[in-house]
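Okay, here's the structure, questions in a sec.
Letters A, B, C and D mark the chains in the order given here, with residues in each chain numbered from 1 onward.
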């Protein structure tokens, strides 16, 4: 292994830059050359590739987004696209690839692996919905950003004795809602992984009010339904005048937290160690507080992200 | 003057607590008794009134929202409501009132004044749309909160080379969009005070892209139209795939900035000085960096908030 | 078990309030009465004890410090003090106690246990130096606070091409320096757990400069030596004009991060479960991402906090 | 005027980058070429000068520090240094210069002016101690950074019922201490512009405690004396066990606030307008909320910065 490439793909996540920095510095420290590929798999196929030096990753660890840019590129699901990508890698004499991203990026890395090109995938997405890891790069920052908003909304909700529905990202996974909900003292957490009963929610709001609660914060993962739809359905069970707040793309950016930067640094460093050892076809994760690598095919086909549902049960007892 | 009352009314704004604290402490320092009225004019009419001591305003200066709660109460527009309010004030032997809030609160204070009860109004609203003052309590915090979101969105917009429409509060006044837009390096600022041409916006985005701009941020005051409507109309002029972010109630809360706390402290202190001097029927403001008081009837009837439109012109030259 | 008490002891840490809230709400949910003890063991001995209701822990989850106050109280190391404490607990008919704090607090809880009173200890300290847990309540917030300062200092260091020595808390444990150092891209991390060679540090700064580095950030755990002493000794090896920044008590306060609030909530909930099951003499922790309880006597006598020294090795390769 | 240069000098301040961006964009918009001079007057004399394009100031508005770097360079006080600087400017065919910085930078700009070279100075320093302006670029960010620390320290101070001395920057000017002190609810503000009596301070702490105050925060401008010295002298008047916190360089960096970015943008835009109109020998400021320019020689020789001492009097009544 003499030259490695690195790209970010899918939605950006805070900490991607810290991971790119770690890969680049660790690789150069160990005698490798590093090439950055712009715009994810799209840039790979197009050959938008440039040498990365130490100075290129200076002053980047604290920045949100990804300085290698990202893109969604469904064309990489085709064999044709994949072979074109490998062609470009060979043209630049790149022997190994680090891919940072979410589900789609993992599938891209898996495809390269199946074609015999060693790729290592790192989980980078705010949604925390990747198999083979307890936490993804960007999740910690995202829940803190949501939390800041929850704290702000609580000020207004308390001042006006109001009910708020706060919609957060999470199409399939309720992790953001779960963690931010517990941390923010949400009264209700509505996630795809758990049924809920609107009449019971309404009853609980009413009872809370009767006991003197000054606010009711309902945190809702977008995968269940939209915030406005939720508020409308809630209104069928009583006059709650619920306000809706949709925390959309704001949650994606921002300077990464300490934990996301450390996680990204560890993941990046480990990815380089794997490639140095000639290993590919792997995805890196943290399981039970240990950095590990698992077979990417097996992880994607048989793995499943398990959100920490103990938080759901805990919140029921803490927010009654 | 021996006893004064204080209430917050209308939408909450960061710094209201700092103003309540300043009024309370300054008044007690000068030998007055202070009564807090909960839930604005609604609580005034209902007699939801309690003595405030120094300890009640401890550890409050840094908090968002209003610990006296607030409410919208259209009934106070009627003479009946106003007289009931004055009755309650007399019952508690309160001789003067400080009202903190926006436009509606000013009208409430004006009504009391017309009935002969000395009231002093302080401008407290994130919208900055009150006549008689360059800045309102809460505005500085609000623009910094919007700015944080803009900075975060820029990370994602740059990473994906995307156009974003960011809708911010401001039904009649574009101040939030103007200030946050200039501070955030927005490419376009769309406000009620200024016409715009959608075709020109589209052209400008296209030209920016051609010159290599990595993102386009359009900040839009809700008074012009909604963010989704804007994005749809923009799409009639080209394929921009603009994402929309609606910064709603999140912008209302949060710990006040230094400037909002200082402004709130100065306003609160000055209101007490006016009441101590037996003066009522006034609203306090800051004009050309000087704390002043103007006649509330005159200000409401003849005053007009003037946003700093020099920022609009400046941004045109800075964001081309 | 019908009544439990709760106290915070030693240095305050962000998330203590979230833990008190969790204990209180979970206990009341499960039919217990809860008593808050002010000022730690000092208040316990003095009988400064009051009933906590749901409303008392409202709007507290987001606050730094501890609303039950804390104090250092060496007198509790004596048998006399301990028996007086138990006397007070009996007077209030309290059957179990939750103690939140650091090393000293654990010893207090152990003493009560040895006297037959069921106590459960939760790790609450920014230093992360408690055996039996990978993470303490407050650590995550502290490293993010340090990180914010590092990011700020980097602005100035880069603008002026300067060397900075940043002293952080940590008498015996280098965890804060390690985590914040990796997250902040520190060039050198100096901790009690690892030797260092001042001449090598000086050489590394010089070489970095020669390679074009714009700044050099050295993060130093106070347990090694003071920042000013370090800068002086460094100056014996060359003219570095190092600036010193001592991040002292600022790092103790602040609104807790999402992770600290979730950890505090889990710890608090689990402590109540233990007491409900009649178990005492335990300390709660998180090991390998699992909430666990270990025997407090055994943990204090045989346990040892193990900082994640893999971060030290990682940083060497990332910061060269 | 066809080409202008820009440099930052002295201590860095948040918002300098926003000012450089504004100057660059406004100048290019108006047909000028812009040259960035690295490392202040040192780089000017050395000819460390490069063309700035629109792309060079992209993604800079939100960054702390100065991407043109800064340096102290006493040699520019000599006529020889000044003439060398002018020689370099002529070599690059630069017709006008914008200088951003504090007192020393103003003197540099004045010297160039006296030699017949048109220079415009912008006030950029966190200290707010420049004549001819109510506010400097960086001051608003600095007071908010100090305020965050004050809020954090209050958590610990309240939890432990303690006295804290917080030393902030400000050798000659007490502005930071004044503003942050009022905003942070400091109990005492100690500044160079006002006498104080240590015995009275001690008495006030004691009386506050007796009235139930949970903390005492003393904010101290470094120009009066150091924090440790203050605490020691205070201890001669009683056993206060005051903790000391020195907020040093941390306060210099960080992303600028909305107000600092707007101020920097306005100042930068106005500087270009002045140069376009062929005017030099001026310094830009904001007086009574209006952007103005004054003669630099007159301002330096006869001007005087006036801190807002009404804040001192106000705090006496609000913090008793």
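We adopt the following convention: contacts are C-beta pairs under 8 Å (C-beta built on N, C-alpha and C of every residue); 3 or more make two chains touch, one makes a residue touch a chain.
In UniProt terms, the chains line up like this: A, B, C, D = ATP-dependent 6-phosphofructokinase.
Since this is a predicted model, take the numbers as computed values, not measurements.
Under the contact definition, chain A and chain C share no contacting chain. To find the repeat of A-B among C-D, B-D or A-C, check which pair has over half of the same contact pairs by residue number; it is C-D. When chain C is fitted to chain D on its Cα atoms, the angle of the rotation, on a 0 to 180 scale and to the nearest 5, is 180 degrees.
If you average the Cα atoms of chain C and of chain D, the two centres end up 35 Å apart. Note on chain placement: the centre of chain A and the centre of chain D lie 39 Å apart, centres being C-alpha means.
We define each chain's centre as the mean of its Cα atoms; on that basis chain B and chain D are separated by 28 Å.
Residue positions of chain C with contacts to 2 or more other chains are 151, 154, 158, 214.
If touching chains are joined by edges, the resulting network of the protein chains shown is one closed cycle, each chain touching exactly two neighbours.
Annotation, chain-chain contacts: A-B, A-C, B-D, C-D (touch as defined at the top). By the touch criterion given at the top, residues 8, 11-12, 14, 63-66, 69-71, 145, 148-149, 151-156, 158-161, 164, 214, 243-254 of chain B touch chain A in their complex.
Taken in their complex, chain D has these residues touching chain B: 18, 21-22, 25-26, 29-30, 54-55, 58-59, 61-62, 134, 140, 143-144, 146-147, 151, 154, 158, 179-180, 182-185, 211-214, 255, 257-259, 261-262, 265-266, 269, 287-290, 310-311, 314, 317-320.
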